[in-house]
Structure formats: C-alpha cells, structure tokens
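Same chain, two partners: subunit A is paired with subunit B first, then with subunit C.
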Partner chain A sequence: MNAPLIWIGIPLILSVLLWLPRRANITALLGGSSALIFAMLAWFLPIDIAIRVNAIFSFKIVSSIEILGRQISITPADQPLVALLYSLTAIWFFGSSAAYIARRLVPIGMAMLALLIASLAVQPFLYAALIIQTAILIAVPLLSPPEVKPKRGVIRFLIYQTIAMPFILFSGWLLAGVESSPGDIELLTQAAVLLALGFAFLLAIFPLYTWIPLLMEEASPYAVGFILWLLPNITFLFALGFLDRYAWLREYPQLPNALRSAGLLMVLTGGIWSAFQRHLGRMMGYAAIVNTGFSLLSLSLLADHQLSTFFLLQIPQALGLIIWSLALSILKIHERSLEFKKVQGMLQRYPIILSGLLLAHLSAMGLPLLAGFPPIIALWEGLARQNLLAAFWVGLAVASLLTGALRTLAVLVMSPKDEGWTLNGSWVQNTLISIGIFFILLLGLFPQILYPLLANLPLTFEHLSG
Partner chain B sequence: MLIIITITILFVSALTLMLLRVFNPDFRYSWLITVAGVFLAWISIFFWQLKIPIFLTLPSWQPASLFANSPILLADKLSWAYAFSLGTLAIGVILTAVARENFPSHPAWAGTLALSAVGIIAVLAENSLTLVIAWSAIDLAELITLLASVRGEKLRERVVIAFSTRIIGSGFLLWAGIISITEGSSQNFLTAPQGAGIYMLIAAGLRLGILPMHMPFRTESALRRGYGTMLRLTAAASSLILLARIPQDSLQSPLIPYLLGLISLTALYSAWKWFQTKKTLDARPFWILGMASLAFAATLNGNPTGSVAWGVALVLGGGVLSLSSVQNKWLSRLLFLSLVAMSTMPLTLTATGWESKTLQWGGFSIILLPAHALLLAGYFRHIQAKDKSSFKSHNPFTSLAYPLGISFMLSSLLLLGFWGWEGASSIGVWLYSIIILLLFALIIWLHPRIRGYTPPQAHWLTATKIPQRKSFVYNTFWNFYYFLRNLSQQITKILENEGGILWALLFIILFASLLAEGIR
Partner chain C sequence: MTSQIISWIAVSFLFAATLSFLITEDWRWSLTFLALLYLGVFWLTQLHWTFSMAAVKLVTGWMVATILGITRSALDPNLVSVPESSSWSHGKLFRIFTAALAFFIALSTTPTIIKLLPGIGIPEVTGSLILMTMGLLLLGLTIRPLKVVIGLLAFIAGFEILYAAVENATLVAALLALVNLGLALVGAYLLTAGTDENIGPQE
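So, the complex of A and B:
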C-alpha cells in the first residue's frame, strides 16, 4: 500500500464510480462520506511507519510511488494538508445535493481534487503545471453542462488558466539554469517575471479575473464557488512549493513588496467593484477576488507570521464560500435570477437562507463576531506593523465590501409589498445553512478551536514554517 | 469567576426559557424563573464589589503569535456602575412585563436576559477587540429585532442605515486599535496612544448618533416598551462605556474645542426636541442623544467619572420612564425622585457630571447647562403625561410586581449617588446644579404660559423627510458614489467585452515591463 494510491489513485477511480448512482442525494452522501474518510485517513494513518494489526499481520504505507519515471510522494508532513483539503471537500459535497448539482459536482470535484493533490506531490514538480491544466479542463463540464453552449465566462476561464501553463513551464526551465548559475541576475529576473506572470494568470490577479464575475452570472453559483475555493488554494500551495524550494526566491528582497502590492490591488479592486454590483452572484465573485487578495497579503507577512495567517484564513474563507454559494444556488433555483430587481424583499420569504448569505458576506469583510474576523484582524495588524498606508488601503477595501453587503441587505429587506414572514426552501437547505451560520458564529468567537487543525499545516513547507 | 457567574445565570435563564417554550409551552412558572434568574444575576453583581477590580481573561485566541490581544473583561469602579445599571434595567423590564399587553412573552424575556448579558460583556470590555465583538452582537440583535418588527420599505431602509452607521462606528474603533498597535501599544484601552483617542471618539459618536448628529431611526412605537427599551439602552450603554475608557492623554487634539462646540449644539437641540415631543417612546431617541452628548462633553473635559454618571442616568432614568406605562399617583410621585438623581446636586448620581479636569474653555457650559435643564424639564413633562393605562385594567398581581420593578430602578438610581462606584458620594460643582435647578424651574413655569413653547413639531430630523431635504453633504456623497459606480461600470464593460482579453494582456505586459524594471 502506498500513500499516493490512497489519496490520489482511489479517489480517481471513485470519481468514475460516482457517476453511477441515479439519485443526487446518494451521490452527495457517497462523495461526502468518502471524502471524509480520506480526510480521517490522512489525519490518523501514519505514513512510512509499520502498523501492527495483530501478532502476525502488520503493514506499512509507503510515501512514494513511481510512474513513468516520475515520482509522486505524499509524506507525513503533507498529511494535515491532505486532511484539510479532503475535509473541506466533504463539506462541499454534502451541500451539493441541496444545490441540485451533486451529480456533476461530486464526481468531477473528486477527480479534480485527486489531480490537484497529485500536482502538489509530483516530482519533478514542473509536471504539476500539466496536472493542474488537466484539472482545469475537467472543470469545464462542471461549469458548462455538455448540452449547453459554453458562454464567455467559461471560455475566458479556460483561456486565462491555459495561458498560465507555458509561463510556469518556461520559468521552470529557466529556474534550472538559475540553480546552476545563481549569480546570473538577468536569468534570475527573467525567471521571476515569468513565474509572476504564470501565477498572475492562475490566481486571477487584476485584471485577469474578469472570468470570475462572468462565470458567476452564467453557471451554477455552487459549482463556481467550488472552483473559486479549490483552484486558488491549490495554486497558492503550488506557489508555496516554489518558495520553499528556491532559497533565492523566498529571499528575494522585492518579494514581500510584490506580494503586498498584488494583494492590495486585489482587495481594493475586488472590494470597490463589489460595492457597485447589482447581481448577487457577481458580488460573491468579487468577494472571492478579495479572498485571494487577503491570501496574497498574508504571504507578504512571511517574515513575521510565517504561514500562520495564510492557513488561518483558509477555513473561514472556505466556510463563507460554501454558505454563500449554497444560498445563491438555492435562490437561483427558486427565483431564476440573482439580479437585485428580482430578489428585492426576498428576506421575508427565505429568512434562513438569505441570513446565511448575508452573514457569509459580512464574514468575508471581517465583521467582528463572524468567522472571517480573527484572521482578517490578525492580517490587518500585521500589515499595519509593516506599513500603515497598506493597512489603510485594506480598511478601504473592507469598507467597500461592507457597502456591497449593506446594499444587498437593503435590497433583500425592502419588500415592495408588505408580505408576512414565510420559510421557503427545503428543510435540508435550511438546516445546512443554519449549521453553516452556527459555525460562522462559533469560529468568530473561538478561532482557537481551529488551532489543533492548523498547527501542523505549515510543516509541509519546511523552509517557510520558521 | 464572579463575572462568569452573572453572565452564566443570565444566559442559562434565557436558554431555559427558550427550551421551555419549545418543549413545554404551557409551563406556568416561566415568568417566575425569569425573575429568579435576573434577580440572582443582579445580586451577583453586588458581590463584584468584594473583589474589584476583577480581570477575566477569556480563552485566548490561538496562535498567540498572531493575536496579541484576546477578549478580556475588566470590572472596575466605572464599568461596575454600567453593569449594575444594565442588571437593574433587566429587572425593571421583567417585573414590569406583567403590565404589558403581550404578557407572557418568552422570546422577549429571553431576549432581555441575553441582551443584558451581552450588554454587561460590552461594558466590561478591557480592550477594543472585546468591545467590537460585543457591539456586533448587539447590532445584529437590534437588526434582527427591528427587521422583524417594522413594516414598510422606508422604515426598513432606515433600519439598514442605522445598522450601517453602527458598523462604521465599530470600524473606527478597530482603526483606533490598529493605530495603537503601530505605535507599539496594545489594543488595551488604558495604554491607548495619543493618535488613537480621536478615532475612539468618532466611533462612540457615530454609534450614539452624535457625530455627526443623526437620527437614523426615530419612530420606535413599533417596538414594545419592555424589550425595545432594553435593546435601545443596552446599545447606548455599550457605546457610552468607550467614552469612559478613552485615556485623557490620547485626547490631545486641536479638534477637541470644535467637537465640544458641536456636541453642545447637539445636546441643546436634542434636549429641546425631548422637551417638545409628546409621546415618551417617540421622544426616547432625543433623550439618548441629549444625555449621551452630556456624557461626551464630560469625556472631552477629562472627566470619565462624569461621563459614566451621565451614561448611567441615561440608562436608569430613561429606562424607568420608558417602562412606566401604568398610571398611578404614588408611582408618578416616586418617579420625580429620578429627577433628583439627575439634577447634579451633591450626593446624587450625576454630582460629578460637571467636573472638568482640563484647561478647556468653559464657555460651552452656556449651552450645556440649558440643555441639561431642558432634559430635566422634558423628563418632568413625560412623568406627567396622561397616555398611560391604570391599574384598574390589570390584575392584582400586576399591582404588586409592576411597582416593585419601578421601585427597583428608582432605588438603584438613588443608591448610586452615594455607594458603589467612583463617582459616589461626590459634592460636584454645586453652583452649576443650582443654576440648572433655577433654569428647570423657569422652564416649567414658562411652559404653560408661552404658547411658542409647544409649536407643532419641527420635523427636519425625522426619518421620512430626509429625502426631500437633501443637504450639501448628502448630495456630494451620492455624486461621488455615482461617479465611482459609473467609472467601475465602464472599466468592467471594457474588460468583460470581446476585446477584454486583449486589454487584460496589454495591462499585464505593462505590469511585467514595470516589474522587470523595478527588479533591475
């Protein structure tokens, strides 16, 4: 038995089998349960240590496997990360039946996750770019069903993500040269610029994020939410792999400034643009852009905080996206549109579902009491210690995001006709959102409950974990 | 430990009520359980006096390397007064609930208990982190309550605006914390640096509606007296505590005299409106604004004790008046005792109100003293108001519990004049109290004699009229908003249209060339 087979091979096979159930809730249940099992295995099962079952029988899970001369390895240090990715995916899968997208999201999502974990585990790591590209191609049927003609958002998503690949591959080729002649500044600069461009496309840095709001209008919000959670996170982990591997890159004097500038650009443009949207889906898209900006800013604090802030952001952001996109999906299914003029006064008809939406939005901007607040305040303080002006810009971005949230609130409560309060949506939908609200509040008050989960995550990147 | 006991009693009682409502809706002793819970909590607040100051560090946020501050509560001689007044208010609300038309109302009682617990947490906050969390809890509770109770598009819009203003206020407090951190201090109130004080003032001002003066949600009739009173006054107390926590050293700004001027005018205007408005519940926002302005002025005069005095008078004085809905000769007479407590005379609750520990120009007293006199005169008028029911329409049990609730509040008002907190047993500026009493007597004497005293209400500040009277600031704000919106829409159109990819690539090439130049 070996680790890549458990967390990459079996999920890939499972992703094919998950197409078989005809009922969506069975698919969601099977997918969610299996993802949860993979998460628990990653948490509890030791790698490279003999496990004694009884007096006669013992076995060992080997960390590596070789395929066509390439090595895929999942080490004990990677296990918390794999556990986190699978457990969050399990939540996405459990929620998918309530969003009526389980039959597409669960099999495709499982395959994507397995591939993306493979991209983090492959050696030489340059092959990761190709595996990520495969995962992106697999995502297309999730965003645009085969019977529907692909629209602008999907095409643009594919174009931008595909353009990233040659940049990464070129930079990898140059990096090999940098390793052999580290004093070559010209080569170093070229490698850094190409790498930055590659990641700019992958992470959808301004102005390369236009596919996000377009997709939010065209596709199922839940499916897009899943993509907006999974792809940027894996890309960040991939980027951290680069930083961990190359000392010259992580010690590059301009790196914190570049990350800070890119992060500020993302939070500011995302925040300001979200303030003026009249479509609930697009609003979430811009909030996801702000999330990426926050992650970039957290990496700009590597010297002070190492990876603590980055990992602290992950669970609240994921939880927020799950609840937000689920609420949007339910609303879109019932009301057909997410335009402001169509959803006016809907809070009285969907009190729980839309409360979830609003709280997820407020959590994304770091309202105290909600899950997003502790990591954002930690980030804000860290940034202020380095540069007060940067902290001011973050404050402005948060205020813009708040404007969007308040506009949404105003639209949702201003019913043209004074209707009574009713509870629409199925009990599963309302229950799932209620559970989500509970966790948003719980993590806002007690962020320390995440600490045992997050404490070992930075160990995956031994040179960055301080 | 003592703080935990009080807060646990309140939360457990609230939870018990909700569980009873779900599993045994016919349970007959819910009110008694509520009274027992709130009374025990109130008694437990007295026991804090044995150990004051009490620090309570809640489970610290992890990882500790990221969170220099964690939620901490501090019960000292200042915050105790607020906590005590909120506990007393909760008792008043529950005991007078027997006279309400919605009796019994489990959700309202549970809400009252939970709100008093959150309010106590807010007033005990030792740092800005704890305070903003408690503020948010109160803001969300208020938002939910108001949205559930008001009807009509316009009123709901005002609810959202009120919520927005409060959140912006919280944002300013967070920014004050950020300023503290950049200056090498923590978010602890005691160590706030000079630059942070002004942001704390703005935060409190915005939340109280003083800076700039605004009344986002004026009509409160939709809210019931009991829970509505608790909600309004808890929100006010939780903001007022910040005024007592701002260190004097951090208030060294050249803007302070201007702020004091602005606040004096706000105090005078709101006191005038409080005096004029006929219905007590409609006038309550003016009471809060007026008394909060006096508390604000005390802070600017370097007198945190005075600020607490005004704040506690706002809560207890305003509370007892708001809860008085039953006409009774003796109770009305007793209510005049609260006027004594708020008169700034020696050995009363507000005795320290006019003290000043700065070299600030005292000229603003010319505005502030009449404002106070008007607030007292208005209070006098509202006590005499006839829009109350009588005991005849209630059962005998009501005639026992209801006066008890009112008496609890009145005796607490008087008790704080000489015991329990920093401002107790003070002589104060007795000359000012004499002037105020003279002014008060003059206003009361003139009131029936001058018709101009009671003109039809000037409505320039009402919620419904604001759209017709767009001010310069209002227009400028919206013009700027529309400008930004149009700009963002144009850029979005360019980037999302067919040629968007080319534009994006052009941008990226420009960035790349800039980046490469920067690296070289």
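So, the complex of A and C:
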C-alpha cells in the first residue's frame, strides 16, 4: 500500500462510483463520509512506519509511487494538509444536498480534490501546472449545467485559467536555469515575471477576476463557492511550494512589496466593488476576491509571521464561503433571483438562512466575535507594523465590505408589506445553516480550538515554517 | 536545408490555418484547418523530439478535431447550417489586419526568444509565436464555445512547440495530450449544453 494510492488513486476511482447513486442525499452522504474517512486516515495513519496488526502481520504505507519516470509522493509532513483539505471538502459535500447540487458537485469535487492533491505531490513539482489544468477542465461541467447554454462567466473562467498553465511551466524551466546561474539578473527577472503572470491568472488577481462576479450570477452559488475555495487554496499551496523550493525567490527583495501591492489591490477593488453591488451573488464573488487579497497580504508578512497568519485565515474563510454560498443557493432555489429588488424583506421568510448569510458576510470583513476576526486582526496588526498606509487601505476595504453587509441587511428587512415571520426552507437547510452559524461564533469566541489542527500545517514547507 | 524549407512551409501553413479560424464562419473549415494545423505542430516538434513522441501530438490533435467535429455535426441541423455571409462583412477586414499585426509582433519577438532558448531554430519560434498570438487574438474576439476551444488549442499548441525544445519528459507529453483531449471534451460539452430541451434539472 502507498500513500498516493490512498489519497489520490482511491478518491479518483470513488469519484466515478459516486455518479451511480440516483438520490442526491445518498451521494452527498457517501461523498461527505468518504472525504471524512480520508481526512481521518491522513490525520492518524502513519506513513513510512511499519504498523503491526498482530504477531505475524504488519504493513507499511510507503510515501511515494513512480509514474512514467516521475514520483508522486505524500510524506508525513504533508499529512496535516491533506487532512485539512479532505475535512473541509467533507463539509462542502454534506452541504451540497441542501443546495440541490450534490449529484454534480460530489463526484466532480472528489475528482478535483484528488487531482489537486496529486498536483501538490508530484515531483518535480512543476508538472503540477498540468494537473491543475486537468482539474480546471473537470470543473467546467460543475459551473455550467448541461441544461443551460454556457455563458460568458464559464467561458472566461476556462480561458483565464488555461492561459496560466504555459506561463507556469515555462517559468519553471527558467527557474531551473536560475538555480544553476543565480547571478544572471536578466534570467531571474524573466523567470519572476512569467511566474507572476501565471499566478495572476490562476489566482484571478486584479484585473483578471472578471469571471468571478459573472459566474456568481450565472451558476449555482454553491458550486462557484466550492471552486472559489478550492482553486485559490491549492494555488496558494503550489505557490508556497515555489517559495519553499527556491531560496532566491523567497529572498527576492521585491517579493514582499509585490505580494503586498497585489493583496491591497485585491482587497481594495473587491471591497469597494462589493459595496456597490445590487446582486447578492456578485457581492459574495467580490468578498471571495477580498479573501484572496487577505491571503496575499498574509504571505507578504512571511518574514515576521512565517505561515501562521496564512493558515489561520484558511478555516474561517472556508467556513464563511460554505455558509454564504449555501444560503445564496437556497435563496436562489426558492426565489429564483438574487437581485436586491427581488429579495426585499426576505429576512422574515428565511430568518435562519439569511442570518447565516449576514454573519458569513460580517465574518469575511472581520467583525469582532466572529470567525474571521482573529486572523484579520492579526494580519492588520502585522501590516500596520510594516506599513501604516497599507493598513489604512485594508481599513478602507473592510469598511467597504461592511457597507455591503449593511446594504444587504437593509434590503432584507425592507418588507414591502406587513408580513409575519415564517420559517421557509427545509429542516436540513435550516439545520445546516444553524450549525454553520454556531461554528462562526465558536471560532470567533475561541479561536484557540483551531491550534491543534493548524500547528503542524506549516511543516509541509520546511524552509518557510521558521 | 530541405528540413528548413519544410519547416518554413509548416510555419506559413500555421499562419494560414490560424487566419482561417479568424475569418471563416463555417465550423467544418475551422475543424479541417485545426486538424491540418497539427501537421505543422508535429513537424516543428519532431525537430526536438523523437518521431514517435512527436506523433503523439499529431494523433492527439486529430482526435481533438474528431471529437469536436462529431459533436458539432450531431447538433440540431438548424444550428449546423453555415451563416449566410459571402460578403466581407462581420469585420473580416479588421480581423485580417489584426492578424497581420499579430504576425509582425510574432516575427519581431522571435530573436528575443531565440536568445532565451539556445538550440531552438527560427521556424519553431516563429511558428510557436504565431500560434500563441493568433490563439489569443481569437480568444479576444469571440465567446462562442467552439471558437474559444479552438483558440485555446492553438495557444497551447504554440506553447507545446516551444516547450518541446526544452523538455522531453514522457510524463509532460502524456499530460499535455491529456489537457488537449480534456479541452476537446469540454468544448464538446459546452457545444451540447442547453441544446436539448428535454433535459430538465437534475435534482
């Protein structure tokens, strides 16, 4: 038995089998449970250590496998990361039934996750760009259902994400050259520019994020939410692999400034645009852009904070996206539209679901006592120590997100007629959102409960973990 | 010498094929030129790879064209019909001028790339840059799924010619073939999505 087979091979086979159940809730349950099992295996099962079952039988899980002359390897240091990815995916899968998208999201999501873990495990890791591209192609049917004509958002998503691959592959080849002749400034600049372009396309850095709000209007918010969580996270981990591998890159003097500028551009534009939206889906899209900006800013603090702020952001952001996109999906299923004029006064009809939406929005901007507060305040403080002006811009972005949240609240309570309070949505939908609200509050009040999970995550990147 | 001449013929062929993507409205011609384009890609790739490895690109390219062709022809006959436009309308002249501009950009960038990649010839770089710039041009001019997929395939094909000069690993060839086939399947999916009125929501 070997590790890549357990966390890549079996999930890939499972992703095919998950098309078989005819009932959506069975698919969601099977997918969620299996993702949870993979997470627990990653947490508890030792790699490269003999496990003794009884006096005569013992076995060992080998860390790597060879395919076409290249290694795919999941080491003990990678296990916490694999556990985190599978456990968060399990939450997405359990919620997919309530969003009425389980039969597409669970099989496609499982295949995507397996491929993306393979992209982090492949050696040389430059091949990851090709595997990420394969995962992106698999995502298209998730974003554009078979019964609907493809629209601009999905086409732009496909174009922008595909264009990234050649840049990253080619920069990888140049980086190998930089390693052999580190004094060649011209080569170094060319490699850095190509790499930056590749990641700008993959991470949808300003102005390449136009597909996000478009997709939020066109596709199921839950499906887009899943993509907006999974792809940027894996891309960040891939980017950290580059920084961990190449000493010259992490010591590149312009790197913190470049990351800070890109991050500020993302939080500012995303925040300000979100304040002016009249569509709840587009507003979430811009908030996801702000999330990417926060992650970029956390990486700009690498010298002071190592990876602690970056990993601290991951769980609150994922939780916020899950609840937000689930609430939007439920609202879209019942009311057919997420336009402001169509959702006026809906808080009285969907009190729990829309409370979840508002709390997720407020958590994304780091309101105290909510899950997003501890990482965002840590980030803000770190940024203020380095550059006060940057901290001011982040403050402006947060204020813009707050404006968006207040506008949403105002619209949702603006009942056109004197209407009584009712509880719409199924009990599963209301229960799932309630659980989400509970965790948003819990992580806001007791952020330290994440510590055991987050403590070992930076060890995956031995040169960045300090 | 003969090899050089054939290489330049392949380059001019690549330009003609990509130009046809820009100006023709008939999907049959587009896909025929796409299949022929992979002949040029094959020739320029085999200058750096073994014949059998380069043949993978040709076979993959033809499979891609076949997948797209079969899907497109299976659509509703009304959709298959060619739009009536024999005149030089629909901005064709503009497209030709833009293509010429892209061609000159490719030519002027060639020496820089050659300096960056020692051992690569002028025809490979020119052919590659033509495919990439024309692919990007096509992507900028349309949002129709078939044209978009053809644009992306042309862009990737251009990159593959360049990358073949620096990387000859079997896994890379296999993964690039997989990406090409995946793009064709995605194109086929996008072409058929929303065309069957009998398909209802799944859940």
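Quick note on the criterion: the second predicted complex is superposed on the first by the 466 of 466 C-alpha atoms of A that agree within 3 Å, B and C clash if a C-alpha of one lies under 4 Å from a C-alpha of the other, contacts with A are read in each partner's own complex, and residues count from 1 in each chain.
One rule holds for everything that comes next: contacts are C-beta pairs under 8 Å (C-beta built on N, C-alpha and C of every residue); 3 or more make two chains touch, one makes a residue touch a chain.
Keep in mind that what you see is a predicted model, and the values were worked out from it rather than measured.
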Classify the contacts of A:V267 with the two partner chains as first (subunit B alone), second (subunit C alone), both, or neither.
-> neither
Now for A:I159: first (subunit B), second (subunit C), both, or neither, which partner does it touch?
-> both
Check whether subunit B or subunit C contacts more residues of subunit A in the superposed model.
-> B
Taking the superposition as given, does A:Y100 touch the first partner, subunit B, the second, subunit C, both, or neither?
-> second
Look at A:L169 in the shared chain and tell me whether it touches subunit B only, subunit C only, both, or neither; answer first, second, both or neither.
-> second
Please indicate which partner A:I437 is in contact with in the superposed arrangement: first for subunit B, second for subunit C, both, or neither.
-> neither
Using the touch definition from the top, say if A:A318 reaches subunit B (first), subunit C (second), both or neither.
-> neither
Subunit B versus subunit C as contact partner of A:L130, first or second or both or neither = second
Does the superposition put A:L299 against subunit B (first), subunit C (second), both, or neither?
-> neither
Subunit A residues contacted in one complex by subunit B, in the other by subunit C | 152, 156, 159
Any idea which subunit A residues touch subunit B in the complex?
-> 152, 156, 159-160, 189, 192-193, 196-197, 200, 207-208, 210, 213-214, 254, 258, 272-273, 275-276, 305, 308-309, 312, 347, 367-370, 373-374, 377-378, 380-382, 384-385, 388, 391, 395, 398-399, 402, 406, 409-410, 413-416, 418, 421, 444-448, 451, 454-455
Of all residues in subunit B, which touch subunit A in the complex?
-> 59-63, 65-68, 129, 132-133, 135-137, 140, 147-148, 151-153, 156-157, 159-160, 163-164, 167-168, 170-171, 174-175, 177-178, 181-182, 484-485, 488-489, 492, 495-496, 500-501, 503-504, 507-508, 511-512, 515-516, 518-520
Give every residue of subunit C touching subunit A within the complex, in rising order.
-> 116, 132, 136, 139, 143, 145, 148, 151-152, 155-156, 159, 162-163, 166-167, 169-172, 174-176, 178-179, 182-183, 185-186, 189-190, 192-196, 199-203
Show which residues of subunit A lie in contact with subunit C when the two form their complex.
-> 24, 67-70, 100-104, 127, 130-131, 133-134, 137-138, 140-141, 144-150, 152, 154-156, 158-159, 162-163, 165-166, 169-170, 173, 190
